[in-house]
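When the chains are written out, they are named A, B, C and D in that same order, and each has its own residue count from 1.
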Amino acid sequence: MEITPAHYTVLSAALFTIGVIGVLVRRNIIIIFMAIELMLNAVNINLVAHAQQVENLVGQVFVVFVIAVAAAEAAVGLGIILAFYRNKETVNIDEMNVMRW
Amino acid sequence: MDLIWLIPVLPGIGAALNGLLGIRYFSKPVAAAIACATMGGALLLSIFAFAQLLGAEHREHVVTLAHWIPPIPLQTVDGLGAFEAPWAFRLDPLSGMMILIVSGIGFLIHLYSSSYMDHEPRGGYVRFFCYLNLFCFFMLTLVLGSTFLVMFVGWEGVGLCSYLLIGFWYHKKSAADAGKKAFVVNRVGDFGFVLGVFLIFFTFGTIDFREVAEAASQMPVESAAFGVLSTICLLLFVGAVGKSAQIPLYVWLPDAMEGPTPVSALIHAATMVTAGVYMVGRNAVLFSHAPMVMTIVAVVGGVTALMAATIGLVQTDIKKVLAYSTVSQLGYMFLATGVGAFGAGAFHLMTHAFFKALLFLGSGSVIHAMNDEQDMQKMGNMKLYMPTTFITMFVGALAIAGVPGLSGFFSKDEILAKTFVASPWLWGLAVVTAGMTAFYMFRLIFMTFFGEYRGPKWGGDAEGQADGDHAAAADDHGHDGAHVWHGPHESPKLMTVPLMILAVGAAVAGYVGIPPIIGDFVGVGNAIEHFLEPSFVAESAALAEEGEHAVAHLSHVVEFGLMAFSVLIAGLGIALAYHLYVRRPKRAVELAENWAGAHRVLTNKYYVDEAYNSTVIKGTMGSARGLWAVDRNVVDGAVNGAGWLTRALSWVSHVLDKYVVDGLVNLAAWICAEGSYIFRRGQTGLIQNYAVATLFGVFACATAFLVVRFMG
Amino acid sequence: MAETIVFYTLSVLILGLAILVVTAKNAVHSVVALVMTFLCVAALYVVLEAEFLAVIQILVYAGGIVVLYLFVVMLVNLGRSPEEHQDPRRLSVFGLGLAGAMLLEVAGIVVYSYNRSASTVTAPAAASPVQGNTQELGWLLYTDYLIPFELASVLLLVAMVGAIVLAKRDL
Amino acid sequence: MLDTVFWPLVKIVVLLNAVMISVTFMTLLERKVIAWAQSRLGPMRVGPYGVLQAFADPIKLMTKEDITPANADKMMFTLAPILSLVPAFVVFAVIPFGDDPLYYVADINVGLLFLISVTSIGVYGIILAGWASNSKYPLLAGLRASAQLISYEIAVTMTLVSVILTAGTLSMVEIVEAQRETGWWIGFIQPVAFVLVLIGGLAETNRAPFDMPEAEQELTGGFHTEYSGMRFGLFFLAEYANMIVISAVVVVLFWGGWLRPFPSVGALALLDYIPSWIWMFSKMFLVLYLFIWIRATLPRYRYDQLMRIGWKVLIPIAIANVVITAVVKVLL
């Protein structure tokens, strides 16, 4: 059976869904971040697969940008987590509600 | 000549340095050095500029430094005019002479002051030099200014410096009051001056001296009617009267003697007070076109000369004598300008600057020697203790008395001659004044330097000790605060050298203006009059028509007679003084007792101050009180009534606000607050719930897509 | 055939490890699973003829970002599990169901779409003056996508500054 | 199938065995060289001049008891040495040891990048080993080691960019070919880059003077304190394999790989009769000897000094080098 972009898309959707579930269910914010990385990777797989399908490298260019943005996001996000942890001694997202109301 | 703007600016820099930094940081020698150096620089520049001016073909040079006020459209008599004021300086013969006088005498007085003011604490010393430099800055601006406005800057500036310096010892109430008096009296004059400048702009559309003079020279001479030119001149003359201490505004000058003596010499004898004469001379063309005002000027000058001289006869304070003498001599200058002899006035201005500065500095030296004693009755026989001061002052007195060969003789004689042509009555006044001048000056000399020593005793030192010791003592006694007096002594070199230079000046300055009678004989013309002429005369057709009477010359015989007569009068005055104060001192006292009424009037200066006090000052105060009462009862009452009304209204408004408006607002807020309870439940602060909501939105979209695709 | 085997193997690995990432109790285990996932994704890129991206994926993700996560996990080494406290109002179960439903929907849409238009019309890429995956990618990045590329560098700089500011106790 | 699967597999097996054997002799060489540097004899008992010591050590490690601490995270504890060893071996795939395809496993067009990225995975082994031991010294050492590796990886990668610019390719084989074509070894063109890569290589392999993660005096042995037996042996193997990789990389990038000296001078053509892999191995040996020499000579850095040098000296110099190289490249 030939592997079509549809396969990659479904794989990507599955990976993305796992990421979504991680974001929605876990309470450790670091793991939530990791789940977000999973989602980004799912998107990347999609982009690369379709770039190959249409024989156009623009998709890969976008992956490069996604990776750059992911790096920036990780740096700042983890910085925030560390700063928060220093003040509140927790990484539980349920306890991060000081800005509510 | 393009650097003439530096002449005023240099002392300005000195003042800024001393004023901004010096009072906190500079030591006495540094401050004095800065002040003297800047003045010396100004003097050098003035000499160079003057030399170049002598060599120049066209004896007028204008340097525009910057545009101060850009052209502003203002209403004039012929439509809109552009009011424009550049920072422009004008060097012509008149201002050239003035900058030489101001910077030269200013420099000498700076030198003199550096020693004279040595008793001052450091701060006061530096402050003094700051003021002095500032004064020179403004005075040079005044004389170099090319427009009325620049001149006015200097005019007001010197007034300010005069105020500051008169009140230099501000802790002394009399000094502070004298400064205030000078300032207020000057305001009256300045008011006239400013009005005059306004009228000039309104009439001519410009305030540049040259342009105004050219415009005025095209207008007819107002010999019959009192026209606009006459009004301008009268207003300007009011300014001159204030600044140059003429009747009725002379009262501030005697009081101004409260200031330090170098200040009196520089400001209140040599330079500032002559600004009025300079200003009238500067506007000679205008004044020539207003003969009626000229008459007023001449009469005011003559009467002032005589009146001040009579007061001077009986004063016992050495500086007061000199002050009244100054007023009197200024009267002379106005007399000269009033009869159209602008050159003679300016000439006298110059010679007077020399000998009066000399006399003031000499008196300062004496006062210094007498431990700040100013009363001549407590002096006497000072020639023994301070020969240099005596000789130089004696030269000055001879010069002012008009003894032939010295400067005062030439200038005074020229004024007398010109006055005789214009009006023998005024000449009579002037001659009597000349006699009195000789008398009171030599009364001063004789009371101070001759006779017996009448002053207080001093400890320890034997009388008549060698002068050198005292000079040495004078050098070091300035250093300690508790200044112990060792008896009268000669002043230090820094003070006597300027005296000597000025004495030489007083002796020889007259030779630039040798009168025709002698000049023709020796073959020398009247250099200064010829030199100054371009400043006073414009190409005036109108004037040329009526010019005959102004330029009429005297025959040599008459002139010689007049000269001989005035010399005789002066000699009589000197002789009388010698008789009364050296030969028979008791006779003077008897005379005063016999003529007690007149003596009292003169001693009290004709009760002018009292008269002003009871009329002008009382009147002003009374009306002020009246206005105050009106203010308090009527105006305040109205204001308070308005206030009460406002409060009453605001109370009503407050009630409305509190119960009606606030009620509505609170109601709205209450509704929001109650309503928000329902919605607040959704705001859990759980970010994942929000994400679920987002996901639900995506889900809904996808479902909608599917539904549309497959069902629809 | 070979591609099919490789694809399915990698898919199973990716999804399995991803599930491990999300479910692991210990955060360090999550991180290790994440690294593995990324390595498998890199392998998938190689299959998709994107060698450069594969290498970059390893270099940046596995070698850089995830090390950062590991660091933070170790620095935030808690005495109590961060999962202990649970807000009663969370909608986790609902979210879980919703995500599953989403997956089904998307899969349905994808399958349906690809079945309907089996072969998509491909827009052939403009002829590139260079050969090879890396070179062509570089060419695109430095010509057509130069400005986004530079912006990305600025973004990274800003992120770096921000991270330092956030993480440093006292500046 | 034979060419795509079988022969590469044979080459991989041969290569891995060669690496492991050379590691054993590396340990012997190191002990001997350091001993000579310290006027000692070193191991002398096992075999003539202690040559067989190279086999005695691995046998000892393999036969020792393999202890897992009670509170350790067992899965990670087992995974860590593997994670450490695998990248060290994987990179050998792209290193060309000679001019013929026979002498290398694969020539991929992003070879250098592949090398960099795979070595960057090695840090997980160290950091996880430290964490999984559930002991404070290994944890500290693991954190230190990973921080050090990441820091110096940046410097080395930046430096390699300038080499790539000079050679104009990412493929290891083509880099060597480029040096043959220009006739200049890149080490002569980029001496600064060479020094930077050498220093960075020392740091990345945790060699003296950057052997902070295993500083015995401070950390009682480093991240592998709790390891024993063959698991410790794996770390050991990984470290020395990494050293060999670094030496190979230095030789390939800077000193002409398998090329004879002065490849452009025709007069030395007779040197071509010596097989290319001998040139390669002799150059690698020199570099390895230099590493051991440095270890015997230089004292250890303090941790803060190490990080400061990495961030404040090496990285700025590396960036400057890239900029200068780029400018020169554009101008020429």
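Basically, contacts are C-beta pairs under 8 Å (C-beta built on N, C-alpha and C of every residue); 3 or more make two chains touch, one makes a residue touch a chain.
On a predicted model such as this, the values are computed, not experimentally measured, just so you know.
Relative to the centroid of all protein Cα atoms, the closest per-chain Cα centroid is that of B. Between the CA-based centres of chain A and chain C the separation comes to 6 Å, rounded to the whole angstrom. Distance from the chain A centre to the chain D centre is 33 Å, each centre being the mean of its Cα atoms. In terms of their C-alpha centroids, the spacing between chain B and chain D amounts to 94 Å.
Chain centres here are Cα means. That of chain A falls 87 Å from that of chain B. With touch defined as above, residues shared between interfaces to two or more other chains in chain C number as follows: 52, 56, 64, 87, 90, 92, 95, 99, 102, 106, 133. Counting only residues that touch two or more partner chains, chain B has 684, 686, 688, 691-692, 695. Those residues of chain A in touch with two or more other chains are numbered 20, 24-25, 94. Annotation, chain-chain contacts: A-B, A-C, B-C, C-D (touch as defined at the top). Those residues of chain B lying in contact with chain C across their complex are 684, 686, 688-689, 691-692, 695-696, 698-699, 702-703, 705-706, 709.
On chain B, the positions that touch chain A within their shared complex are 680, 683-688, 691-692, 695.
On the side of chain A, the complex with chain C involves touching residues 1-11, 13-15, 17-22, 24-31, 33-35, 37-38, 41, 44-45, 48-49, 51-58, 60-61, 63-65, 67-76, 78-83, 85-86, 90-92, 94-95. Residue ranges on chain D touching chain C, taken from their complex, read 73, 75-76, 79, 108-110, 113-114, 116-118, 120-121, 123-124, 127-128, 131-132, 139, 143, 146, 150, 153, 170.
By the touch criterion stated above, chain C contacts chain B in their complex at residues 87, 89-92, 94-95, 98-99, 101-102, 105-106, 108-109, 112.
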